């Protein structure tokens, strides 16, 4: 498995592959998350790496477990930190200090099913942040980390520790770790076909003849 | 009717005219659609052209009609493709290959009551795309084209084939084709008045005296 | 009280201070409002000033009061205009002419619990606008100003006339006017601590030891 090979494919191309390989409901897609850093909704940034998962719960929740280590200290080099958070809060669960620590640990970026703050700090550090929205409010007054490196759910998508996350301008994808080889093989085949389709369409050929010729549809 | 004349007016100015002319509920405004290409929520791009309508339905819907031709092959030169899609899906209904074909056909842009993917491809082609959101997921696994050039509904707005679409940074407007002449006449009158108001306000005059003097309020 | 002192602190730092000082539920945070001008969701713009409040009601509401003066004429120099509007409308409650008047009056910006239009006009004037979304539709066909300089509610946050508004990329904060001195004192203390934390984390120290050393946690 080579993450460098995977990185040449867009999240759209990988979603196509995962759907062809039967991944449901949404081909590993984690919806409604935008790129907020290094730039907002534009640019060529793409991050690829194994998920380092963090589950947040309401601060008032006294029954859920408490981690022994700070999640940012525990983050592994080369990983992408993926955070699930309660959906009914208005606070951020990630800020500038966390990006500083994550970057020092060698993490490649963070994906948040929630809000981020200190937007200019992440951008100055060029640390990739994907999130649903922004906020001015800190994490620690509203939610708390509960578990690290456990399966978490973001919208309808489950992310297991070590699953491969790919995130770019179009969105965030989670590839089950045992499907990565198949995804690469599938992408290599179909991306070449789509490149031929793009050239044919730009040359003025119809969708009908182009897809018949290259996709066999 | 001259679309070049219409193009000098912003969607806000045209919405004002349509409201004065009695268009309800929202003066032809199709809400909650953003400019995603050639740039996101900034720039001077404005597209004007007759609507070429496409209605998408859930893929599982076996009773709705099926078109005989691919909708992008059918798109007419100078038109703006307008797509309605089920609101409960997370997939895109437009991608880079479709922009390539639409551009080759001479379409001026696309307005989507749904999601778009391959964002950087549209931007590289400088093809205007207005949509509600983005996704990594393809159309064909989730929804399918059902009818082409039929009346479609986007939020509370009905778009008929051949209605004139105007889209810019502020939003998307649909002008019933038989109202275009009146809209142009109305815009010419009121935009001149608003220009006078702007100059007066920038010169420090009050809203009260300015609107009394130029708008007769 | 010095607004210049306050302006050196980000909305995140001020929210931290307000939470420490007991402001609930959200430390003065007014959620889900974005910077739309002078740039969209990027840049260093920050505005600070006393709130000049405007309450809009549905146009059909004949029982609520009617102001004697146009709200933009009434706006005070140095203030930030804060507008509450019904949440079920699709129209803008602020446009280019209003920014022209507000700027001429010396207002520092506008915060809207609703929509804005004429986006490029505000940007050309470099007039700061914070809003929930955009529209093409004018205010006067759908809602009307009812009261000026009364307490208004935006999401769960109450804004009183003269409360201090701070708005930047991360969001919008309302500081009760009698808490400004405490906020400044609190920010000066904790921002210095956070600067030390940032340096320590960037130098590779753990969150655990850093927060223990500088925050006493």
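Going in written order, the chains are labelled A, B and C, and every chain counts its residues from 1.
Just so we're on the same page, a residue touches a chain if its C-beta (ideal position, glycine included) is under 8 Å from a C-beta of that chain, and two chains touch if they have at least 3 such contacts.
In UniProt terms, the chains line up like this: A, B, C = RraA-like protein.
Since we're looking at a predicted model, the values are computed, not measured.
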{"item": "Equivalent-chain rotation between subunit B and subunit A, CA atoms, steps of 5 degrees", "value": "120"}
{"item": "Copies subunit C and subunit A - interface residue numbers shared by over half, same or different", "value": "different"}
{"item": "Distance between the centres, which are taken as Cα means, of subunit C and subunit A, whole angstrom", "value": "31"}
{"item": "Residues of subunit B touching at least two other chains", "value": "40-41"}
{"item": "For the subunit C and subunit A complex, residues of the former touching the latter", "value": "10-12, 14-16, 19, 26-27, 29, 31-32, 40-42, 44, 169-173, 194, 197-198, 201-204, 206-208, 211"}
{"item": "In the complex, subunit C residues that touch subunit B", "value": "39-41, 69-70, 72-73, 90-92, 95-98, 100-101, 103-104, 117-120, 123, 133-138, 141"}
